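Just below sit the structures, each encoded as structure tokens.
You will see two complexes here that share chain A, one where it goes with chain B and one where it goes with chain C.
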Partner chain A sequence: MKRKGSGGDIKSGRRAFLRGLGKAVASVSALMIGGAGLIGKKGASHAAVLKPDIPPIPDYDWTQHDWGYGIDATRCIGCLRCVEACKAENNVVPTANHFRTWVERYVWLEGEERPMVDSHSDPGNIAASGSEKEYRFDNRYQGKKIDKAFFVPKICNHCRHPSCVQVCPTGATFKTHDGAVLIDHDYCIGCQYCVQACPYGARFFDYERQVTEKCTWCYHRITKGLKPACVEVCPVGARIFGDMNNEASDISKFLRENRVQVLKPETGNAPTCFYIGLDKEVS
Partner chain B sequence: MDALYHVSPFTGYVYPNETIIPWTVMIVVYPFMTGLVAGAFSVSSMYHVFGMENFKPVARFALLTALCFMLFVPMTLLLHLGQPQRAFNAMITPHMTSAFAAFGYFAAFYAILLILEVWFAFRADNVIRARNSTGFTRTFYRAITLWSDDISEKAQSYDHKWMLTLAIVGIPAAHGLHGYVGFVFGSLKSREWWGSDMMPVIFLFSAIISGVAVLIVLYTLVSKLRKTPIDESCVRGMAGALWGFLMFTLLLEGLEFANVVYKAKEGIEIIMEYVTGPLFYRYFVFQFGLGAILPIIVLGLMFARAVRGKAFIVGAVICALLVLMNVFLMRWNVVISGQEIAKTMRGLLTYHDPGGREGYGAAFSVLMGPLILLFILTRIMPPWKDMTEEG
Partner chain C sequence: MPQHIVRLVVLLVVFFTTAVTAKIYFTDDSFYRYGHYRADSVPEMAAGIPKFRGTAYCQGCHTERHVQWTAGVHKVVKCEICHTPAGEHPATGKLPIPTDTVKLCTLCHEKMPSRPATQPQIVVKDHPYPHEDRLECITCHNPHSPSIGGLKPAVALAAQCAGCHGADGKGVGAFPGLIDKDAVYLTREMKKYKAGARQNPMMTPIMQALSDRDIDVLAEYYATLGDKSAAAPDAPEDGSSAVRQLTAKCVGCHGAQGQGVGAFPALTGKDAAYLHDQLRNYKSGVRQNPMMTPIAKGLTDAHIEMLAKYYATVDAKSAPAPTVAAPEANAKCVGCHGAQGQGMGAFPALAGKDAAYLSDQLRNYRSGARQNPMMMPIAKGLTDEEIGKLAGYYSSFKPSN
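Entry: the complex of A and B
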């Protein structure tokens, strides 16, 4: 009896153990499957060129748009409102070395073959503005004879074949269906490979957040039917933005009526930022 | 001043965002260390795969050296990343078009291979050590052999079979890993100084010479410290390998530079201004002159005149040190110099030490880490004598 009983104890103990083991295995595998599912999900949402599944933005369908940006360099007066507006709108780190958009000044002094080039982040220009948060071009050429001079606004080119997206090891930066190149700041590891790969110097490292940053065409604005901040504030209409799918848009008109150029076409990046009024010295 | 964070001084015109150089000295140390790994592994394979007997005294030491450097390679990248805690994102959701996406897998595969190779190479020794000791020491050695206790001839021939297989897989893996590092730079079209098809090959050859050189230095140094005789034929073998591969490396690097100058694409003016100005000493004088041409001449003369004994060893060590300087400068002159030539091709920047986790101090610590680990490992598993051969 005793023997039987103890045998029963052992048996029931074994059974309990097996039951426990079964539960453990079941829960671990459930966790694993769940984990794998999560990973799979994350992976899918970070593929380089996203499938046109609609992101959760109210009243916005990114399959319906193909955004484009135009710059008329002949109009730019170098007032730099675009730069200040961009910094304010997008909370860009307030230094003279981090810009989503910037303006370059090209000046040919009399008789010179090549131009003098600077941007508002040049130490001389920062000294003239007196602050790293306000921008202006100084009067360094005052009194000098000038053959030719102009300004060139620069911005991320939101390339059709972006080399930054190509090199990102995690897929944190990606090309959206409507043409913008964006960065998932919660997924970026901060390796700065994309900063290296961009031929245009459009990317920078946000040292406050320890991730890479760049122009988004004010994605939070354009998906609500607004224009990017830089376009909105430009007093001379040097910056043009719109939907290339819409024939009546500013950008479609700009592309139809002008012979446009892109920067560094030899890279094969195929920018969707189109210029008129460039010079061979602009790169 | 917080606002002027890490700004590098520049001349001419550079894009505003370029004034903060993205890749720091950590990215110099990273290819330098992977190069040492690949090179040291090659030296170990000379004996383990190709059966060159004069490499036997350093064969197992070379394996440990490769392992120690390999374990510290990820450290350089982790210190560089803005979000190191997300580093595994690159392995969990690799973005396959990135030249860097497979690095995690490659490096992990190679590190595991090295650990296995070391385990098999030292298993019999560790079994004997376990048998000859008591208490905690015994438990420790039993644990690192994973409680195996068989050192019969059959078991040892099994060990050797595995070592050979792993080494044969390891040669392409080590060189693949390092050629891959070269591709990370060579495949970038945004920088004239980097975007070259020859970059992976140059990286590979300089990896081999750096690995051989570091072993010449470490082997003679350790022999001095242990007061044991230096095996001259072993140093001769390594010096010969160094001499041969160094010539290839110099030729490839020279060709690479000649290509840039001769093709003279847009922006060549700024490149010429750079190489004849800030780069002159550290490129032509130190990297090419003192780091490559001088050791080639000295080693050549020593072989031609059949220099022997202490003079040869001293000469070989000096040449090895010069080659290590050469390879470190080569990494510097690729990684840092590439970023000092602005993408505008109208300006030059000067690298500025950011300090902190990516500063010179941190880089030096990361370089010293493997040496400290190597010191500890050679105490635990002395690679000098095969205990099974002692009987």
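Entry: the complex of A and C
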């Protein structure tokens, strides 16, 4: 009734409304900031990355380490002991198409421009081993004329700027202070964005547990002073692992003494897995 | 304030309060501690228990094996690659010993185009195996400390043991079985004999003639023979034309199968090393014989080796066969003198010997007129009737052709 009366009333009503709206916004913002503490905590967490607390792991201080992985493809003999060791050590899904590390065989037949590439999960290789739990390369190129051939071990690159971590909607995958990219299976919702995001195909989905899986550099081993299982079993020293903070470590020596490269540097992922002996077709 | 605005504000406040409360309630306490993730997941992941324990763990108990392994080129192939991860072994039981060694070894050593040239590789179908029916790498190669050159095939070495311990190594009478023993045990005991720490009139001289590497090969051979050796490790008859041509010089006197004819002794069932030595002796003149000397002089060292190997491995089926059934007491003879009495190594052949000669000798052993630490106790346990039966049995062996 009052509103209908005069324009002044309308004016004062609008002022009261704006004043009320301001108060409401202010109080809601205050609630958001104060009550949730979300923004404040997030700010604090960024500081924590720079000077982090140390997770309670016995005899291990992650601020002291910067792990790195090296692969000397010129040494690999394709025995696939690394693939089997990884599966045994980490209880990886025991089928040929689920693996945290793998070895690719590149073969250029005489006169061919492009290489033939296969890995342990190739049907021919499964047939040669006779089981999906044991792996071996078949001898399909025996007697053929070959220009060039070699094996390339592959593994998660544990990137400095991992695209998988960037896309994870729940914070289930993350980069640790010592360099490993890990997955918290309690927080993984199985959306598989990270599987899509990884430029190296290093992740796979475990359909039984409905979580994504990947190499952890055997985090339970490296935090106890051991080497990852694949490095431990490699009989020819094609896989190298160590602390890049330590001048005397295998990886520091490997990086000092060799001219190394990383896979797909153009992605900007900055892998910490360094190769020697790759050819231009390997990616 | 207008009522609908108040309602809107209340609604917003309720919404945000609920959202914030839910976030606080559902977010793990450790989230954001180190970054945008659950901090507790890091120690959780680090708490896993390693399954691969490393060679230092194995060394704790398998000290001797560790010494042998570290001495060879296979020291880069760690225990758990072939024997599976130790985990809680020994609490959880034994670790497997690989049975299909060809499958295992060719994982690394099969010739493949992609393998670096520095890797030792074989073309599997062209690689020689001493037993065609049982393809195994470990017959000749010691998996813990293999060598590429200078192999002494385990089969030839084992011929020295077969006389007493049985061709299958299962043991005969007082002679213990070898195949159920651990390789480390066998190596240790053989070395004790060699060094004199363990005394035995039979074993000591045999072991003293062996190198440490021969001992390793033998131990490995018997330890891995296991229950696979239902049959004696018969080496295949070498049917190659080269050997056929060579044996043409022998068959005229020693019989088509080398089984011996009249005064010409049997060649079959003899130890390869013995045959080899004797041919060499004829050739060099150390041993003289108007028949053998010119024949042996016409042989090269490679020929001698081929012949010795061939006759040492000729199937016992082609040896002379008895015409009467074996008496019960025969069980005491076959351990050393061979299943067909064909003689083994230092143990002479009985088959085809004269019945009177055999019974005389057994009686002499029994009375002590002939001395031998092995034969005397055995002969003392024989009655006159048994001696007669044995002599009759062995004298009844006639050349099968």
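Going forward, the second predicted complex is superposed on the first by the 232 of 283 C-alpha atoms of A that agree within 3 Å, B and C clash if a C-alpha of one lies under 4 Å from a C-alpha of the other, contacts with A are read in each partner's own complex, and residues count from 1 in each chain.
Quick note on the criterion: a residue touches a chain if its C-beta (ideal position, glycine included) is under 8 Å from a C-beta of that chain, and two chains touch if they have at least 3 such contacts.
Since the model is a prediction, treat every value here as computed from it, not as a measurement.
Asker: Given the touch rule stated above, what does A:Ile146 touch, chain B (first), chain C (second), both, or neither?
Answerer: second
Asker: Counting only touches as set out at the top, which of chain B and chain C does A:Ala270 meet: first, second, both, neither?
Answerer: neither
Asker: Using the superposition on chain A described above, determine whether A:Ser163 touches chain B (first), chain C (second), both, or neither.
Answerer: first
Asker: Kindly classify A:Cys79 by the partners it touches after superposition: chain B alone (first), chain C alone (second), both, or neither?
Answerer: Only chain C; A:Cys79 stays clear of chain B.
Asker: Check whether chain B or chain C contacts more residues of chain A in the superposed model.
Answerer: With both complexes superposed on chain A, more residues of chain A are touched by C.
Asker: Take the contacts of chain A with chain B and those with chain C, and give the residues found in both.
Answerer: 42, 48, 171-172, 187
Asker: Once bound in the complex, which stretches of chain A touch chain B?
Answerer: 39, 42-43, 46, 48, 94-99, 102, 104, 117-121, 132, 154, 163, 165-172, 187-193, 195-205, 207, 209-212, 267-268, 283
Asker: Considering only the defined contacts, which chain A positions touch chain C in the complex?
Answerer: 13, 16-17, 20-21, 24, 27-28, 31-32, 35-36, 38, 41-42, 44-45, 48-49, 52-53, 55-57, 60, 62, 74-81, 85, 88-89, 105-107, 136-137, 139, 141-142, 144, 146, 149-151, 171-177, 182, 184, 186-187, 216, 218-221, 223-224, 226, 229, 232-233, 235-237
Asker: Quick check: in the complex, which residue numbers of chain C touch chain A?
Answerer: My answer: residues 1-2, 5, 9, 12-13, 16-17, 20, 23-24, 31-39, 41-43, 45-52, 54, 76-78, 80-81, 84-85, 107-108, 110-116, 119.
Asker: Note which residues of chain B are touching chain A in the complex, please.
Answerer: The contact residues of chain B facing chain A are 3-7, 12-20, 22-23, 77, 80-84, 86-87, 89-90, 92-95, 97-101, 103, 184, 188-191, 266, 339, 343-346.
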